[in-house]
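Chain lettering (A, B and C) follows the sequence in which the chains are written, and residue indices restart at 1 in each chain.
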């Protein structure tokens, strides 16, 4: 019997810290995401409305501009308050949704198609880290067009009217930050869950579209047929708007209660997490 | 090993239609299993029967009274509205999912070559797959349309329903609605099957088509005629108000619209057959 | 030789031309993927028996097979398989079976359903399809697993069930892309026996493989591809003889190895001679095999050599492959 000298020894060099290991996923995902010119063009488009808001804030605080309309209470149109930022969030929410349509569908589906999951999960890298890593990809991009730019607008307004305004509107800051994160988490979980189940990217994108539009359609139909507002609970966009309105302290114009909206949102999250739990595995169960 | 070698040429030198028939039966066996009993079928059943569930709740609730509907004749207006939504959403999306995946889905699963390595004309393959999907989708939606209709008319009791169906216009309306549903499946099915063959990303085409069909009421008369939904709407036994900004156009008589949709289908299927004859198998990165 | 003309006839009696209806014929066939070359100006005529396609990745083996079975269409030229054009599947696949490189299948089917269902698509009735399916499944030794879902099969089992599907309808031309992939040694041996049996029945069996010694063992002839060109074809030994300008290696074990080495150098019949450590053998590289063997005959008589072994060390496909493909820049 041949006995060979043992020459293999395990890697003993430095390892990425366990706390930041999940960041490896966005590092490589971003390269792919930003390789698309369409994606870059759309990302630029996402900042058009914030620029417009920037201009409005500037003009609303510009005495020379206001003096051009002596007979008109222009401040009524250029009022910078919670409603203004609610509108800002509503518009950016759609941009965030379309951005996640670009980025989200390929996040997990590619790994599943290429049998990449066993490769990730056979390393000291857990399923949770995998999901967090993939979520981070969307979270970073969506943050840039929602709360980051939103807080910059708040800061701009505060710098014009005095920092006292900021102290008076701390709820706005909190609401914008938390509200944005609610939407970012919802979109990220939805994208990942659908991407994990639908391996064909265009279909995954379409499925995300359907989750939103299907809820809207069925919700509206129920409202019409039953003469009720309960259908709004199926409409994810309306659920989010109710929560944002509550966080920012404005009137959403909807009858749905914050409690029921919260419960519905948690159900959506639970559903997405269940879908992820079923698919993000190092092995496939064949029955 | 021995096998009976069969050729398509009959002793007379023509096509052996018996063999072609057996091959189509072979395709139907495979495809019907795929369309009706696979994971993909969940979308079909959901889209077909979720509205039925909502309508069942409606029929069982006191809402019809609240809507001041006096009986099935009044309810037929409700049904016209419900059916239009059913047509433009459930039937449209189901056709999209089923027919588009006939070829594109198999390319993604890398299993189309098994068909291409069988001794069948590609045109027969196109026809077999189309017929299989058509049987699945029309079967499901004929049941869905009928159940929806009966549920809408049912709140006033079985006696009233029976009188409306057999002594009134009910049965005629029901047959017309089912025929429209079948005609929609025939038309949309052919278009989506071809899109699945022609485009790597047919979902974009589908979204565009959906948008085009959706804005149909607001299009000028000439452009309206370049859609499927216009011809289908022309057949509705109870017209539906198109909305405040809709542009009115004279409905197309049935003797024009039905052959029109069938001719369009035949032309699209001929193109699909030609495309299939020229298709090559090169499973790229369609994910 | 392939680099002189791309047209040749492989695998049947050269005295009588094989009619088109009995051969796989490539007539000046080229395939381009956009600007990328698949195969270029290939003319071939493959007869019954086992033909091995050998070449590195990207050499055009799969392209050749896909063209042969109509999964790809040639950019130029024409292909006929037993007289049937490849763009007529309704004619072609009554007598052609193809085991592709795609390790995929309709996911929800069992092995039996997979073979049976496609036999139904071929046009067989239930009883016929059932009988043929079980025959094919038995032939690849998968009866026990036939009722299980294919999603749970190992790679070797998937390979075997796909092979069963390809040969279930009794084709006269079997095209097999890397058919031994994923098979354990026992299964390999069984599958190779199937190929040999098919060839003995008069089938055209066309096999591609990277496992060179297996191609060498099972093939009646080989077709070597590189960069989209057929660089050599014929029996392994025929190809070797065609390469007379190239040195061959001969292993010689005898009692006077040192003297043999000296004599070979003196007569300039060897390009290189290396003496074995035990001084009981030499490895000779010679550019002219004929001169070498004539000289050796004389040497045996003159020196009363006691020869234990004399064998050509590189007449297998691997050597031919190495000469023609790996070193093609040097001489081809």
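Note that in this section a contact is a pair of C-beta atoms (placed from the backbone, for glycine too) under 8 Å apart; a residue touches a chain by one contact, two chains touch by 3 or more.
Only a predicted model underlies this, so the values are computations on that prediction, with no experimental measurement involved.
Ignoring subunit A while keeping the rest fixed, chain connectivity by touch leaves one piece. Closest to the middle of the protein, by Cα centroid, lies chain B. Among the inter-chain contacts, the highest number of C-beta pairs connects B-C.
With centres taken as mean Cα positions, subunit C sits 55 Å from subunit A. Centre-to-centre separation between subunit B and subunit C, using Cα means, comes to 49 Å.
One finds 35 Å separating the Cα centroids of subunit A and subunit B. In the complex of the two chains, the subunit A residues touching subunit B come out as 106, 109-110, 113, 199-203, 205-206, 209-210, 217-218, 221-222, 224-227.
If you check the complex, the residues on subunit B that touch subunit A are 50-51, 54-55, 57-58, 61, 63, 66-67, 78, 81-82, 85, 89, 93, 104-105, 108, 201-204, 206-207, 286-287. Those residues of subunit B that touch subunit C in the shared complex are 1-8, 19-20, 22-23, 25-27, 29-30, 33-34, 37-38, 109-111, 113-122, 124, 277-278, 280-283. Taken together, the subunit C residues at the contact with subunit B in this complex read 33, 66, 69-73, 87, 89-98, 100, 102, 104-108, 117-125, 128, 132, 135-136, 139, 165-170.
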